[in-house]
Structure formats: structure tokens, C-alpha cells
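Take this structure first; my questions come after.
Chain naming follows the written order as A, B, C and D, and within any one chain the residues start at number 1.
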Amino acid sequence: MYSFKNDYSEGAHPRILQALLATNLEQGEGYGNDPYTLEAIALLKERLHCQAADIHLLSGGTQTNLTALAAFLRPHEAAIAAHTGHILVHETGAIEATGHKIIAVDSADGKLRAADIAKVVALHSDEHMVKPRLVYISNPTEIGTIYTKSELAELSRYCRAKQLFLYLDGARLGSALCADGNDLTLPDLAQLTDSFYIGGTKGGALLGEALVIVNNELKRDFRFHLKQRGALLAKGRLLGIQFRELFRDELYFDLARHANRMAQLLQDALSSAGHRFLVDSPSNQLFPILPDALIEKLEKNYAFYRWEKIDERHSAIRLVTSWATKEEEVLGFIAALKEA
Amino acid sequence: MYSFKNDYSEGAHPRILQALLATNLEQGEGYGNDPYTLEAIALLKERLHCQAADIHLLSGGTQTNLTALAAFLRPHEAAIAAHTGHILVHETGAIEATGHKIIAVDSADGKLRAADIAKVVALHSDEHMVKPRLVYISNPTEIGTIYTKSELAELSRYCRAKQLFLYLDGARLGSALCADGNDLTLPDLAQLTDSFYIGGTKGGALLGEALVIVNNELKRDFRFHLKQRGALLAKGRLLGIQFRELFRDELYFDLARHANRMAQLLQDALSSAGHRFLVDSPSNQLFPILPDALIEKLEKNYAFYRWEKIDERHSAIRLVTSWATKEEEVLGFIAALKEA
Amino acid sequence: MYSFKNDYSEGAHPRILQALLATNLEQGEGYGNDPYTLEAIALLKERLHCQAADIHLLSGGTQTNLTALAAFLRPHEAAIAAHTGHILVHETGAIEATGHKIIAVDSADGKLRAADIAKVVALHSDEHMVKPRLVYISNPTEIGTIYTKSELAELSRYCRAKQLFLYLDGARLGSALCADGNDLTLPDLAQLTDSFYIGGTKGGALLGEALVIVNNELKRDFRFHLKQRGALLAKGRLLGIQFRELFRDELYFDLARHANRMAQLLQDALSSAGHRFLVDSPSNQLFPILPDALIEKLEKNYAFYRWEKIDERHSAIRLVTSWATKEEEVLGFIAALKEA
Amino acid sequence: MYSFKNDYSEGAHPRILQALLATNLEQGEGYGNDPYTLEAIALLKERLHCQAADIHLLSGGTQTNLTALAAFLRPHEAAIAAHTGHILVHETGAIEATGHKIIAVDSADGKLRAADIAKVVALHSDEHMVKPRLVYISNPTEIGTIYTKSELAELSRYCRAKQLFLYLDGARLGSALCADGNDLTLPDLAQLTDSFYIGGTKGGALLGEALVIVNNELKRDFRFHLKQRGALLAKGRLLGIQFRELFRDELYFDLARHANRMAQLLQDALSSAGHRFLVDSPSNQLFPILPDALIEKLEKNYAFYRWEKIDERHSAIRLVTSWATKEEEVLGFIAALKEA
């Protein structure tokens, strides 16, 4: 049984484990003040072309989102998210648990546009309603789509005009930035958003996300928030060593490209076989619509999620690839597909 | 420069890294449903002689404390802690951020006794005050002292009589359980407390704490709380593999014994040289009172915290040993002490 | 200018002020332990045919909702509400500020049905999502519609089967219970819900809502929650005297009947004149759709809210009547309508 | 039985009820936008010599404190209070429930001094601890003492130098400002604090506190916080009419002077009879130490709280006077004292 269920089924890229081994017995300061973390942050600032950014390394996506939003918002301020947004649906009310409402906007492709947000802003006109203050987007989105540079730029312009913070969840950011059709870069993100994070857990690390805070207004005292939310690891080096390894050369992007290429192989084969997709995704998550009978056959050797019932005889499934996905298994899946 | 500043200056015990390497490319379920985590939990239940316990693996102490207390308490319920308690002082208001007051009790040795708590309970008599509902203790305490079995049993009896949950923070639990004078065991803790955690970060792991919930009333839906507080790692195996390695034989205790033995060497040398201590500690943290001139000399080659000014010419310092402390460095320190 | 903007434009029914005057200089216990509050609660229990109910008097609707829901729910538990629900839209995130998510369900008539809730329950299947635990409904709803006994009974059965608490917001409960087509009684509410409140502010009082807790599981320590949320008035008698006055005879219902009768006069006139309504409402809020030109004329002498633009030349307005609405002003409005 | 238990045993001063009656059936805007509330605010600004102040009317002290502090502080920021502070002890963790720690400072007379706060500030040096950001004081304090102008000025200077907000709880402010030895005025408070509130509930009103925000940094969006915490009354006029009545002439101060004079009569008689006091109080709360036998005799005709056991045969009691305290009852108490 080979799993395409998600992009966190394996451990870390071997180079990361080697880096942990190589530095293991050196003594270093705790709580992210060790030289490796400082080096990782320096490397990231260079990549972002943004020396002024504040960068913090956290353990996971939910932790990053809740720590950031709780630090950025006052009690009456709310976030806006697509109805598919991870914070809205799949984080067990983590943002609300810090006291903030999330306003949902329906979105067919998982992306937000200025016009959608404008409606929310128009509706929230007085003190009887929360004050929309932050726009949460994901790139790639939870259903695999990606933002183009012009889309993000338009959103950014709108948010700045309306004094809304723009926050981007980059749990799978590598996949987005390496996808076919992408024209965004890390420096673009640093220019167009107020804050975003670069996902490590799904990008080759054991765990770890790099939160980037660009807007000066949001930087103050952030380490207090890290500590308060349980996000300040005593052995912060564990995160620093990993991000240093991912960004001291092209490893982070190489791994994303591999994941995307594996997805592309699957997509091509599925398309060739005449299957449709729930949504067009250039990133490492695919949502093909398959006959239930075919799904059952594939399930004998491959693990994946059934995503949604489409009609009486078809369902959409989710296939996820990662840095660790083996090409031979992808080819095996394709062969099984053809055979069936 | 060798550091006695804390017990999280190095990475993990080499066996732990080897275990991560050996299992790295195996696919496993996410979020702690992988076989290694399940095995680690099974091993721990055996150690505790308590198959009914619920065990969850989290990343760090603050995260564990805040997730547990927020899950255990209703909004008007409060925790009681010694004035030295980690949750009270050094977690940036993490518990209060989940909505709960912590009531401080002065304690010379960092320990709580039934009589101290009885005063708090007597004072909190009506709905104009919070309702004390949980007693938080640490073993060893934040200043290195440990609970005896009879002390913990008395506390436990009192708490049960008064419907107070007894929660034990075991960030350095190995050191306590292996200390001279200790007569407590893991099964004792499972019998006498409602919940406690076994610290991994300071006990040889890269990160990780094993939260044990014994009281049935506190078990329900706990994984929801893990997720909501950002404590459910996608690659939960990272924690499972480490705890399995620590507890599949005596490694966890061997490492604690080493830390304690290193501390004992330091303590003996300091005592022999006629120095007093702020508090008697049988565990891996020492608080010797030294002449400032001596401290300055030692600081040339050794890093440690100055803890408290005692008089015009003396200060207490903190020396911490760990599983990674090198005996040769301890001997070097002792030599420097004698020389000075 | 006469206002139909809302049902809280005036002070209190004169009998209430007289009761405050008559008792003003008597000394009484604070915090709702005075004889008038106790008498009010006794009167309400009789009305409910439910001696076992716990009843607490609070100041306003938002305060009541947030205090109740925060007391009833654990951190990971969420409420379900119609998309028009007051807590979801018009309480500035008060529930979220206590840490709880509200899950919205689209509803054309402002009411919830078991089938709607079943979908939410089916979707929220694991610990990555909040746990739906309470169903929030309003009667009348925020758009004036009311629940029938069979509708509420069905909802109640479903909620009990699924271990969901059923909570009813009765800000305008008098109007619902006295509306044409209503077959619910106060004892029905005590039997079918877990908790509900009887609105005083919009029912003739200066301020005040009577929260009824029927489910034993939800009663414990509720006064602690009152105090913690700032809802325990030092001079609690202010609320007790008012509810005693409203419920020592039929005053509460007489006032609601007057409000409904005034609304009925308006509705009949509007219907006769051929105007449609956004929704059929038998209670004291009407949403007629009128030509914009007519609205402008009416606005010269009458105040009301424009609710929603319908097309280029029509808008829906909201007309609200109350215990204080003067029949002569209603007739004047009707005359102005005919004239225009 | 006559009660000296507290200053909220009666309703409101008769002039206030008359004002409610006189305006009762006038229509007005809801939520504090009515003419009476606006007039009350204008009158208060004049009294404060501070047109720039923002003033909001709330229902009670706990509600005012929690709404203000939750609006003023970011999640990691804490308040500092004397160990006797109302928010620390007698508000059921209301501040903590909004997420903020309160740091206690021992104080013999219930007052805070710069030196006390400086110790707290020195101790809270990094992100592992909360960040002290607001100093909470009460005038009069919870044990009846008052601040002089020079004391408050010194505190104010210190707080401004250290970027700490200074917030004053004026639940019984009238009594403080009219006490023997007071040299503070309302304009002084507006100049020396960042925010404070003028208590109405204990000063002659049915309910109501006027929160004054002087510091511009703290004003933004405050009405959102009022609504979110359930503090925005639909019939806000109820508060406006009362404060207008209290401040359109000297009523508020006349009532406070009466309360203080009644306390002074009691104090003189108790002192003459040779009784000591727990603390010297020039305001409307007294804490005489009496033989238990005497206390028992007095309890036959007078209600008051036993405050604290002093020795085997003596206890301190609390006597509270108010605007409503009858001189004949005070004289009766004094006679009973002499007789016994």
C-alpha cells in the first residue's frame, strides 16, 4: 500500500537529518537564539530581499496562524477568509479560541478577490458588528489553486486602501512558487503582504514554519506572543538547522519541484484517460473525479482520501504528492489506472 | 566556554537521532496516529501500570500546560500554584491567555502543602471570587527540590477531598525520580495525580512532553484541544519515535541519572569548599552562593546564570546539568573552583 | 417625527417605574439576593410550570447570550446558528470573544430545521474541526418569523438525540408567544429547550432579560459566570422589581399583544395597498417592500430603517412596533400611506 | 434591622427616579445616542475641563474594568494592582477571562507607589514573562484610604516615564473626592491618569459608571468593545438620564458628602469610645476593631460584615455609609454602642 493521502507521511529530507546529526552535540543558546536559527533567518531575509522583515520559526501551521492573528488583531477585529480557508474549517476553532471571528466568503476556486472582500467591508458598517481587519489567503489554496502576481497585487492594493492586513498562509508555499503558471517570487510576497509564512513541515522538514512579518506595525513584542502560545521551543535550533538546510541552497525549491512534477505525471495520466477534475490545480494536490468502481480498485494498492461524492457513480478523490513521493509509485499508480 | 546555563543547550541523545534516521522514509499516518507514537504510548502505559491512562505527546512545556489547563477548567475555575511555579512566572501569561487565573501561594522551597491550599480554599468562598479547581505542582520544583511519596500522597488526599484536580509539571521528571531521597515512581504519579507530564525536551529528546491524563473526567475530546492550541503535529511520529526510544529500555532514566550524578559532583565540590546553597537540591539544578569575585573568575570559562544578589559581595548562581553534560567539563569546573 | 425604528425607543411601562418608586428606599441585599428578585424568579417558575429551573436576571441580550454560551460550552465546542442569527451578525463577535466559533446555516426564513443541523453535524466529524454542541435559535427570529410547537418539538428531539444543547434567544419572546399562529407556551419552552431567555428590554422594562436554565448539566456555578462577565448588578433589585411587575399579572403579555396589534394594523394597511413583504411576519417587526418614492415621502414624518435594496425603484424597510407604540401614530402612518 | 453592609442597599436618589419618570415616554435613539446621554457626557467633559476626553456609560464596575482593560491591552500585556485590588480579588477572574494576567503587589494601605511598581517592572525583563503595561489603582481604595494629589502625580510621572497606562477605578470616587484630606479634583484625574471611571451605582444611581478615556491611544473603536462585552444597553438613556441628573448640579458631590459625614459620625463615636481601626479611612467605609461581645450585641439591630478576626476576643467589622444612610440610624447605632 502506497499513500498519496498527504504530504506529511514521511520524516524529513535526508540532508536535514544529516544537518541535525552534524550539529547535535554543539552547545547553543535556547529559544531560537542559537547561531543556526540566526543564520537561517539571515538566509531567508536575503531570499526575500527584505532585511527589515522580522522572521520567527514556529512548529506548525495552526500554531503559526493562531499566534500571528492573535498578535495582529485587537479583540473586536476579525479576519476574512474563503469558505475553504484552513483557519475557518480545519483548525478546530483555533482563531476563535483566541477571541476573533472569521468571516467566510464563498469562493469557487479557493481564492479571494477584492470584490468579495469589498462586500464584507460594506456590510460591516458599525460597532454592532466586528471590524474586518485582516484578509487571510492561502497559496496554494486548500484546493490546490494558486495566485498570480497580478491577482495578489490587486488584493494587496485593495487591502492597503482599506487598512486591512493581508496575511498569506504558505503551508505549501514551495509548491505554489514552483507551479506551472506561477509568476510570484518570495520578494513579491514580502512586498505585497503584511505577513506570510513559508511552510517547512510539508516542504521537507520534520516540522517548522517560517513566519515573516513585513509590516512594522505588526512586529512589536512578537516573541512574547510566541512564548504565550507555547510556540517558543527550548531547543529552537531544531527549527533553525532545518530552515538553514532548506535555504542555504535550492533544496526547498528542488523538493517542491519534485512534488509538483509527480503531481503533473498523475494529472497528465488522469487527463489522458479522460477524467475530469474538481478544480484545476497546478500544485501538489489533485482532485480527480473518478468512477467509484475505479476508485475501489485503486484503493487496493494506494491510499488517498475520498473527497466528495459527485453523483451516484462518481466521486472526487484527493491525491497529494510531496518531496518524498517516489516516481516508481506514481508510475505504478498510472499503470494501475490504465489497467483498470 | 562551557555552558551550565540549562538542560537544553544540545540536540538529542544520539540514539534518538538514529531512531529518526532509521524510520525516516517509512510512510505513516499523520497527527500522532502512526505506529511509533502508538507504540510509545503503549510503552508508557506499561511503565505507569495504568492501561486506562490517556497519553498525548506535545511539543513543549508551556504548550502542554496551557492545553491541559484550558481543557480541564471551566471559565470561572482557577489554578493554585507556588509563587515560584513556572506557569505563574515564566510562561508569559499563557494560562491567563486561555482565560484562567492562577492563585499564588508563597513557598520557601517551591513545594505546595495541603495547609497552604486550605487557606486559599477557605478564602474563595463565593461567586465574587474565582473557584479554585486545580493544584499545579512541579517535580522537581523550579528550584530543584523534590516531593517525597508521603508529601505527594497527602496533597493527593487533600485535593480529592476538596474536589481539586492535582496536576504535576514534570518538565524535569527524570531528574526528580532518579534523585537521592526520591521514593516516588511513575505508577505512584498515575495513582496520586489527575494528570501529569513526563518531560522529554530536558530529558534527552529534541522536543516533546508526554501528557498523562488519569482522571476519566478530564479525558473527553482531548485531541480537539490539542488541535485547537496548535499542539497536534502533522508529523506526530517525530514525538512518537523519540518517546519510544526513551522508554523502550532504561534510556530515559539513565540520562537523568547521568545529569544528577554530574550535579552531585558539583554539589560535593562546592560544599567541600565551604559554599552554601540557596536551597538544598537533589536534582539537576544547583543554586550555590558564591563570592562575586569567584563568580567573575568562573565566568571566564563557564556560562551560567546569576540568579540572585545575596549581599554586597555574594550572589547565588544557577548551575544546570543534563544528559549531555560532560564529566570532564564538570571536573574542569571543580578544578577552576579549587584554584580560585 | 415618530419613530418605528425599534422597540427600545422609550423608557419603561409606567407601572414599572411606579414599582421602582414604591420600593426605592427599602434596604435589600445586593447582587440579586433581594426579596423582589426572589419573588420575580418564583413567579417565573410558576409560569413555566418548572420549579426545577434556574433563573437569572441579566441586563441585555448580548450579555445574556455571551454569559450563557461561555458557561455552557467547553473551548472546542461550537454553536450553530441561522445566518441571520443575532449572535452571528450583530453582537460584535461577543461569542467568539469568549473563545467559541459559531457555525452559520443559510436559512430563508431565519429558522433552523433538523435537516440543516444534520448537515453541519455530518461535516464536523473529527478533531480537526470544532465540535458542534449548541443550537442557537431566536423566537421570533431576527426577521420576525416564529416557530410552531411542532417545529420546536422536532428540533428539540433532534438536538437531544445528537447531544446538542438547544438554546432559544427570546429578546422579543412576548411578541412571538402572542402572535397569530403561535401555539407555543412558556411551559413548552421549558420542556423543549435546555435554556432560553425571556426578553424584558424590548418587552416593557428599562432593561433586563430573564435567563432560564432547564438542563441540570448547565446550572452549576452559573452565578460565577454572571460575575465574571460583569452581569451581576450590585443593585440586582432593579431587574427583580421589573420582572416581578411584568409577571405578577398579565402585563408582559398585554404589552406584547399591543405591539402585535399595532403591527397587524400596519400589515393590513400595507397589504390592502398592494405592497408585498420581504418575509411574512406575525410578530412586531415588518419588512414591507415599497417604492423608493413612497419611502421618501414617509420619511418626512416617520423614522424607520431602510433594510435592503430590492430593485432600482423599490426597497424593503423595517417597521417595528412595541408596547409603547401609539395607535394614533399608527393610524397617522396608514393615512400617510394612503395619501401618498 | 438597619444595614451598614454596603452602599448599594437602596434604589436611587429620588431626583433620579423623577428624571426617569419625566422623560419616560419620549422617544430617543438607542445605544447611548439619545440626547440625555449626550448631555450627560457634555456635562462631564465640562467638569473634567477636558473636551477631548471620550466618555462612555456602562452598567457596573466589573463590566467597566473588564471592557476597558481588554480594549487597552494586547494579549501579552498585564496589569499591576495592589493585592487588595478589586479586579484581583473580587471580580471572579473577569480580567483573566479576557486573557490578561494581573500582577499583585502587597500594600498595607491598599495604595500603590512608584517604588512598588518599579520592582515589578525590573523583574519582568523578557519575553518569558508578561509585559506590565497598565497600573490599576482604586480611589478610594478597597479599604477606604485615598490618594493625595502628590501621590497620584508621582505615580502618573512614573507610569508615563515607563510607558505604563494609569487606570483608576472610581467605584466610590465621590466619597474620595469629598473626603477630609482630599486635594484631588476631577480635572486632576483627567490630567494624571490615562483612563478612570466615575462610579454611579454606589453614588446615588440605580446603576451606571462613567468611563473616561483621556489617552488618545486608548480611544479608538471603543464602542465596538462595549458591544462585544455586552455593555451597550439598548436603552442607553437609562444611564444618560441618571448621570445628567447627578452632574447637572452638585448632586453627585452632595450625596458623597452625606455618606462621608455619616461615616465621620460613626468614626468619631468609635474613636471616642476607645476603639481602634484596621486602617485609617476618611471615606465611606470604616473598619473598626471591636470586642466580639460588643459585635454580637450590635448585630441584634444592625447588619454589617465581620471583616477579619483580630485576636481571640476581637474582630474588625466593616461599616459602610451611603447617600441613603439615615442620620437617625447612625445616631441609634452610636447610642447602642455607648449603651453596650
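Please note the rule applied: a residue touches a chain if its C-beta (ideal position, glycine included) is under 8 Å from a C-beta of that chain, and two chains touch if they have at least 3 such contacts.
Fair warning: this is a prediction, and the values are worked out from it, not measured in the lab.
Chemist: What's the farthest chain from chain A if centres are computed as the mean of the Cα atoms?
Modeler: Most distant chain from chain A: D.
Chemist: Does A-B or B-D have more contacting C-beta pairs?
Modeler: A-B
Chemist: Roughly how many whole angstrom separate the Cα centroids of chain B and chain D?
Modeler: 42
Chemist: Based only on mean CA positions, could you tell me how far chain B sits from chain C in angstrom?
Modeler: That pair's centroid distance is 50 Å.
Chemist: Whole-Å distance, chain A centre to chain B centre, using C-alpha means?
Modeler: 34
Chemist: Which positions in chain A touch two or more other chains at once?
Modeler: Where chain A meets two or more other chains at a single residue, that happens at 75-76, 91-93, 97-99, 127-128, 130, 224, 227-228, 232.
Chemist: List the residues on chain C that touch chain A in their complex, please.
Modeler: Touch list, chain C to chain A: 75-76, 78, 89-93, 96-101, 104, 127-130.
Chemist: Using the touch rule from the top, collect the residues of chain B that touch chain C in their complex.
Modeler: Residues in contact with chain C: 70-71, 74-76, 98-99, 127-128, 130-131, 221, 223-228, 232.
Chemist: Okay, in this complex, where on chain D does chain C touch?
Modeler: Residue list for chain D touching chain C: 2-3, 5-6, 8-12, 14, 17, 20-21, 23-30, 59-67, 91-94, 97-98, 201-202, 206-207, 224, 227-235, 237-238, 324.
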